[in-house]
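Each of the two complexes below includes chain A, the first together with chain B, the second together with chain C.
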Partner chain A sequence: MSTVNYAQLWQLALPQVIVVAAALIALAVDLLLLRMRPTHTRFTVAALLGSLGCVLAIVRLVLAPAQVNVLDGTLLANPLTHLVQVALLVLAIATLLMATNSRFTEHIGEFVLLILVATVGSMFLASSQDLLVIFISLELLSLSLYILTAFDKHRPHSSEAALKYFLFGGMSAAFLLFGFSLLYGLSNSTSLPRIADAIHASGATGSPLNPLLLIAIVTTVIGFGFKVAAFPFHFWAPDVYQGAPAPSAGFIASASKVASFFIFFQIMAVGFAGAEGSAAWMRFTTGWVPVLAVVAALSMVLGNLVAIVQRSVRRLLAYSAIAHAGYMLLAIASHTQQSLGALLYYVITYALATLGAFGVVAIVEHRTGGDRLSDFDGLSRRAPVLSGCMFIFLLSLAGIPPLAGFFGKFYLFVSVLGSGPGLLWLVVLAIAMSAVSLYYYLQVLKRIYVANPSEEVANASADATTIGTPILSQAVVVLLAAGVVLFGCAPHLLLHWIDAAIRTTGF
Partner chain B sequence: MLAWTIYISFLGALLLLLLPKSNAAAARVLALLAALVTFAITLVFFLQHRTGEMLTVTDVSWIPSLGIRYHLAADGISLVLLLLTGIIAVTGILFSWNIEHRANEFFAFYLLLIGSVYGVFLSYDLLLLFVFYEIVIIPKYFLIAIWGSTRREYGAMKLVLYSFIGSAMVLVGLIAAYVVAGAKTMALGDLAGFPFSAHFQMWAFPLVFVGFAILAGLWPFHTWAPTGHVAAPTAASMLLAGVVMKLGAYGCLRVAMTLFPLGLAPWGFHVLGLGSWREVFAVLAVIGIVYGAMVALVQKDFKFVIGYSSVSHMGFILLGLMTLNQIGLSGAVVQMFSHGILAGLMFAVVGRMVYDRTHTRELALLGPMDLNKAIPFAAATFVVAGMASMGLPGFSGFVAELMIVIGVWHAFPILTVLVGLGLVVGVAYIWRAMQKAFFAEADRASAAPHAPLPPITLPERLGAIVLIVASVIVGLYPQVLLNIIVPALNSPLFNGLRQGGWR
Partner chain C sequence: MTVPIVWYLVLSAALFSIGVCGFLIKRNIITIFMSIELMLNAVNLAFVTFANHWHQVSGQIFVFFVMVVAAAEAAVGLAIIISLFRSRNTLNVDQIDLMKL
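Then we have the complex of A and B:
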C-alpha cells in the first residue's frame, strides 16, 4: 500500500472542495443574513453564490489539467473526468439559476446546499474507478436527490414521489452493494482494472463464466438500471418527474443521468472487461452485453409506447427519458472508444434539452397551475420565446436535425454499428422507435402551436394573455436552447473536445 | 451563389418571426421578396450552366472526425428541380396572398420549408441531404395543422409519421452504407464508387428506395398523400405535390439507385413472376398509376381528385426510374418538373380560386354554382391545366409521359398496356371533374341566392400565368431541360447504374 499524499489529494479534490465551500457559504448567508427578505431575493443570492462556486470549480478544472491516478484508481483526474465534471457543473449552474423564481419552499439555503452536494457526489462518482468510492458517491448523490424530491412540502405528491424514490433506491443500492461484494470476493480488490484482471485470469476465453460473476453482473445492472431509469427498474421515474419540484426534477433528469451513465460505462467496460458475451441477433452468449441489450430494447419499446398515452408533460418526459436511456445503453453495450464518445455527446446534449424542457414546464406551471397537455394550449400566442425554446428542446429529443439530438443519435448508431454488425437489430429497433417518439413530442407541440388558448385565457384582457416570464429563468432556457442548436449545427465543437479527452486518457 | 437560395430562405423565415405580428401585408411582401430572389438565383444559374455536369457550390469541413463535409453541389438534375422549387415558391406565395391568420408564422414556416427543399436538392454529402430532408417534415406539419382545412390534424400527423418512417428507413440504409464502406466519408460520389457487396445491396436498396418512395407516393404507401393534400392550405398543397413529393423521387434516383445499383439486378429466382426489385417496383408504380386514376374518377371532393391524380402521376416518375434506360430516366426527371408545375396549378385552382370563394369542394355542390360564368378565369385555367395533365401535345406533361412510355416499351413491353389504360382513365377523371365543377347545367332556381363570388385577384392571375407559361415552354421546347438532364445522367456518378442493368 503506497502512502497517501494528502497535499495531492487536496489538489485533486479542490474543485469539489470549492463547491462544498460555496454551498456552506450560501447556506450561512441565507440563514444568517437574509432570513427576513422576500423569497425571490434569497433565492437569487443563494443561487448566485452557488453558481459562483461552480464557476470557480470549472475554472480550476480547465486551468489545471492533470492526469493523476491516486491509490490505484481511488481518485482519478484526467481530461475525461474533467470534461464530465465540467458538464455536471454547468448543468448545476443552469438548475440553480432556473430555480430562482420558484416559490415551493422557504428553506432556500438548504435547497441550494443539497443541489451542490448532489453535484459534488456526482463529481466524485465520475472521478473514481474504485467500487467503494463509487458506492459512497452514488449514495451521496442519491440521498441528496431523495430530499430534493420531497422538497415541496405543500404538495403531497412530492412526498409520495420521494418515498417511492427512496424505497426503490434503497433496494437497488442493496442489490448494487451485493454485486460489489461478490466482485470483491472474486477478485480480492475493489479497483475496476484489478477486477477485470481477475475475471481474465479466472477463465480461458470460451469457458462458461463463473456463476458468482453472473450474479454480480445482474445485480450491478439492476443497481445502475435504477439510476438511469431503464426498464424494468423505471417505476420511480414517472412519479418523481411529476411530483418533485421542477428544478429538482430537472436536475435528476440531467446531471444525475450524465454522471450515472458515465460511471456505468466505466464499470461495465473496464470492470467487467473479459465477460462481455455477445448480443448478436440469434447468437447470444453469456456476459453482460446481452443483459444490457435486452434492457435497452425493452426500455426503448416500453418508454416510447407508454409515453404516447401520457396526459401530463412531466410524465411524458419521464417515459421519454426511459426511452432515451434505452438508446444510450446501446453505447454501453457496444463499449468501444468511439461509443464512449458517442455516449458522452448524447448524454450531455440530452441533459441540456431535458433540463431546458423542465425549465419551460416550470414557468408554464407557475402561470397555469399544472403540467397537463391542456395547460399548454396556445402557449405560442402567450409566450413566443418560451414556446420557441420548447420547440427546439422537444424536436431535439425527437432527433430532428439540425438539433443536437439528431447528431447524438446518428453518431451513437454509427459508433454502435462500427463495432460490428452484431447489434444491427438494436440499431434498427432504436431508429424505428425514434420514429414513434416524434408522435408524442408533436402532441405537445401541437398544443403549443396549433391549439387555441382556453376560453378563460382568451377572454381575459391582453395583459393577462401573455405570460410574463422571469428574466433569469428565461435567459437560462434561451441559453440552453442556443446550446442545443449550436451543438447540433456544429457538433464538432463538443465532439472535438470529447475525442481529445478520450484520446489523451486512453479510456 | 446557389447556396444563397438556402440562406436567404432561412434568413427570411427568421426575419418574419421578428416582424410585428399585426402586419400581414409586410409579411407577404417580405416572403415574396425572399422567394423571388431565390427564384432569380436558380433561374440565372439554370440559364448559365448548360453543361449539366456536377458543379461544386460550397465545400467545407463540417464534422472532421467523421469525415462529413458541408458539401453543396448541383448537376443538371438538381438544377431542374431547383428551378421548379423556385417557381413553386414564388407562385405559392402569390396564391396565399389572402392569408391573414398568423401570417408571419405561416410565411416563416413556408420559407423554412422552401429553404430545406433547396438544401436537399443541393446537398452532395449524404448526411447533409438527410438533415435537410428531415427538416422538411416539421414545417409541413405545422402548415397543415394550423392553416389547413378538412381533418387537418389527422392529415398532418399521418403525413408526418409516413415521412418520418420513410426517413428512418433511409437513415438505417445510410448508416449501414457509411459503416460498411468504412471510408469516413458521406460524399455521394465516393460512396457510389464503393463496391458494396451484392448481398448488402440487395437489402439496402429496397430499404432506402422504399424509404424515399414513401414520400414519392409509391403505392401502397401513398395513403398519406391524398389526405395530406386535401387537409393542407393551398400553398402547402402546392409545395407538397409540387416539390416535396419530388424530394422522394429525387432521393430514389440520387441516393438509392446510385448507391446500390446492384440492388436492381435479378434475384436469380422468381416470386409471383417477379424476378428483381426492379420489376417489383415497376409493377407497384403501374398499380399506382392505374389505381390512382381509377380512384380519382369516383371522388366527390374536388381536391381529392387532384390528390389521387398526384399519386397516379408520381407513379409515372417511379416507373420511369425503373426503366433504367436513358429515355425513361430523363423522362422521369422531366415528369418531376412537369408534375410539380401542373399539380401546383391544379391545387391553386381548387384550393385558392374555387374553395376560398365557394367554401365547398363537393363536386355536386360546385356544379349548380355555374362557376364558368362566375369565375371564368378559374375555369379557363383548370381547362388548360387539365389538358396539360392529360398529356396533350404542347404541354410539358405530353413530353414527359411520352418519354416514359417509350422507355417502358423498351424495358417492360407488357406493362405498357396498363400504362395506356392509366392514361385513358387520366383523361376521364380530368374530364369528369372539369365537367362537374365548372360546366354542369346551372340550376337557375338554386343558383340565385348565391352572393356574387369575389373576382380573381391579380396575384392569382400572375401565379397561374407563370405556371402555365413554364409548362408550355417545356412542352414546346423540352430540350431546355433535356440538354442538362442527359449529360447529368451520363456523368460518372451513374456509372454503377449503367453497368448494373442499364440498357
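Then we have the complex of A and C:
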C-alpha cells in the first residue's frame, strides 16, 4: 500500500485551490461590502476578482511544470493536463468578463462562484485517470452547470432548460456509473491503465469480448455522449443553449466541452485499450470504435441538417455544436497520438469561436431583447465591430481559411486518415456535411450584412445605445476574434505547444 | 450457503432497467427524479457486489461517494423543480413545453 504525501498533493492541486479561494473571496466581497452598489459595479468587481484568481492559477501552472502521477493516476500533473487546464482557465476568464454587463440576476457573487467551481471541476476532470475522481469532478462540473442554467429566475425558459438538463444529466450520470461499476468488476481496479491491463489479459486468448465489457462500453459512450451533446443524446442541448442565461450557455458550450472531450479521449484510448474493434467500411468488428463511428456519423448528419431550419441563433449554435461534436468524435475513434493533438487544437479553437459567438448574441439580446434571426437584421450598420467579430466566429465554425476552424478541421481529417484508410467513409461524410453547414452560417451573416433592420428594432437599439455600449464585453469579444484569426494564420503557435506536451507526456 | 454473484448482478440490472423504464414512461417530474435515484442505487448494489467478490474495499468507498453525489443532486434537482413550479404551477412534464425539441 503506497502512502500519500499530502504536501505533494497540496502542491499539485494548488491551481485549483487558488481558484476556489478566489471564488470564495469574490462571494464574500460581494455579499459583505457591495450589497448596496449598482449591479454593474458588483459584477465588475466580482468578475475581476475571479479573473485574478484564474490568472494566478495560470501563472502557477506555467511556472511549475511537473510530471507526477499520484496513486496510480488518481491525480496527474503533466504538460498535457497543464495545457488543458490553462485553456479551461482562459475560457473561464473570458466568460466572467463577458458576463459583467448582464442584468439577469441579483445574486452576482453566487454566479461568479459557480462559474469558478465549475472550472475547478473541469480542471480536476482533466487531471485524473481514476474512475472515482473522474466521476466526482464530472458531477461537480455538471451540478454547477445545472444551477447556472437555472440562474435567470425571471424567465420561465431558464428553469425549464435547467430541468431538462438536470433530468437528462442525471440519467446519463447513472448510465456512466453503471459502466464504471462493470469496469471495476472486470478489473478489480478504478485506475484506467489497470483496467486496460485487465482487458488485455482477458483478450490474450483471442476470445471475443466479454459481454459485460460490451455493456460497459455502450453505457460509457451514452454517459459521455450526453456530456458532449452527440446524437442521440443531444436532447438537452438546444433547450439549454436557448434557455440558459447567455454567459452560462457560453460556458457550457466552451469550457465544459473542452474538458469532456479530453477525458472522453482518455477513457476510451487509455481505459478501453485492447477493446477497440474496427469501424472500416463494411468490415465492422466489435469494440468501441464502431460505436463511436456510428454516433459520430449520426451527429454530423442530424446536427447539420436540423440547424438549417432553426429560427433562433442560439438553437442554431446548439445544432452546430452537435455537428462539431460529430467531427471531434472522429478524432477519438482514430485514437492516435496525432489525433489527440488534432482534437485538442480543434476543441480549443472551437471553444474560442463559440464562446465569442455567444458573447455577440448576449450583446444583441441586450439591445433587441431576442435571439431570433430577425433580431440580427442589419446589425452591421448599428454595430460594425461586433458584426465583424461574428463574421470571424461563424466563418471559423464553418471552416473557412485562414481562420482557426479551417486548420482545426484540416488537421483533424488528416490525423484520422493517417491512422489508416478504415475511417475514410466518415471523413468523406464529414467534409460533405461541412459544406452543408456553410449554408446556415452564411444565412446568419446575410441577415447581419444584407437585410434591412425593421423599424422597431432600429428604434430599440437607438435607445439602447444611449444607455451605453458594454465596453468590457465588447473588448473580450474582439480579443476572442483576434485569437481565432491568430491561431488560424499561425496555427503552429498552439500546435507546437500541444505536440510538445503530448510528446513529453508520452501518451 | 452463499448466494452466487450472478444473482446480485441480475438484481442490479433489473433495478437499473426499472429505473430507465420509469424515467421514460412516467409523466410526473418527482417520479422521474425518483427513477434516477433508483438507477443510482442499482449501481451501488453492483459496486458492493464486486467489492465483496474481489475482497477489496475500494468498491464500497465508491458507493459512499455515489451516495454523497446523489444527495447533492437531490438538493440541486429539488431546487430547480421548485423554481419551475413557481413559474409554471405544474409538475407534469408534458406541460413543460415552452421550448420544443
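Methods note: the second predicted complex is superposed on the first by the 492 of 507 C-alpha atoms of A that agree within 3 Å, B and C clash if a C-alpha of one lies under 4 Å from a C-alpha of the other, contacts with A are read in each partner's own complex, and residues count from 1 in each chain.
In the analysis below, a contact is a pair of C-beta atoms (placed from the backbone, for glycine too) under 8 Å apart; a residue touches a chain by one contact, two chains touch by 3 or more.
Quick caveat: nothing in here was measured; it's all calculated off a predicted structure.
Asker: Which partner does A:132 reach: the first (chain B), the second (chain C), both, or neither?
Answerer: second
Asker: Which of the two, chain B or chain C, is in touch with more residues of chain A?
Answerer: C
Asker: For A:402, is the partner it touches chain B (first), chain C (second), both, or none of the two (neither)?
Answerer: A:402 sits against chain B, while chain C stays out of touch.
Asker: Between chain B and chain C, whom does A:167 touch in the aligned arrangement: first, second, both, or neither?
Answerer: second
Asker: If we overlay the two complexes on their shared chain A, which of chain B and chain C does A:411 touch? Say first, second, both or neither.
Answerer: First partner only.
Asker: Using the touch definition from the top, say if A:439 reaches chain B (first), chain C (second), both or neither.
Answerer: Only chain B; A:439 stays clear of chain C.
Asker: With both complexes overlaid on chain A, does A:431 touch chain B (first), chain C (second), both or neither?
Answerer: Only chain B; A:431 stays clear of chain C.
Asker: Once the shared chain is lined up, is A:284 touching chain B (first), chain C (second), both, or neither of them?
Answerer: neither
Asker: Touch test for A:497: chain B only (first), chain C only (second), both, or neither?
Answerer: A:497 contacts neither chain B nor chain C.
Asker: Spell out the part of chain B that touches chain A in their complex, as residue ranges.
Answerer: It comes out as residues 62-66, 105, 127, 130-132, 134-135, 137-138, 141-142, 145-146, 153, 157, 160-161, 164-165, 168, 171-172, 175-176, 178-179.
Asker: Considering the complex alone, what residue numbers of chain A touch chain C?
Answerer: So the residues of chain A touching chain C come out as 131-132, 135-136, 139, 143, 146-147, 150, 153, 156-157, 159-164, 166-167, 170-171, 173-175, 177-178, 180-182, 184-185, 188-190, 235, 238-239, 242-243.
Asker: Mind pulling up the chain C residues that touch chain A in the complex?
Answerer: The touching residues are 9, 12, 16, 19-20, 23, 29, 32-33, 36, 39-40, 42-43, 46-47, 49-50, 53-54, 56, 58-59, 61-62, 65-66, 69, 72-73, 76-77, 79-81, 83-84, 87-88, 96, 98-99, 101.
Asker: Name, in rising order, each residue of chain A that touches chain B in their complex.
Answerer: By the definition above, chain A touches chain B via 380, 395, 400-402, 406-407, 410-411, 413-414, 417-418, 424, 427-428, 431-432, 434-435, 438-439, 442, 446, 449-450, 490-492, 495-496, 499.
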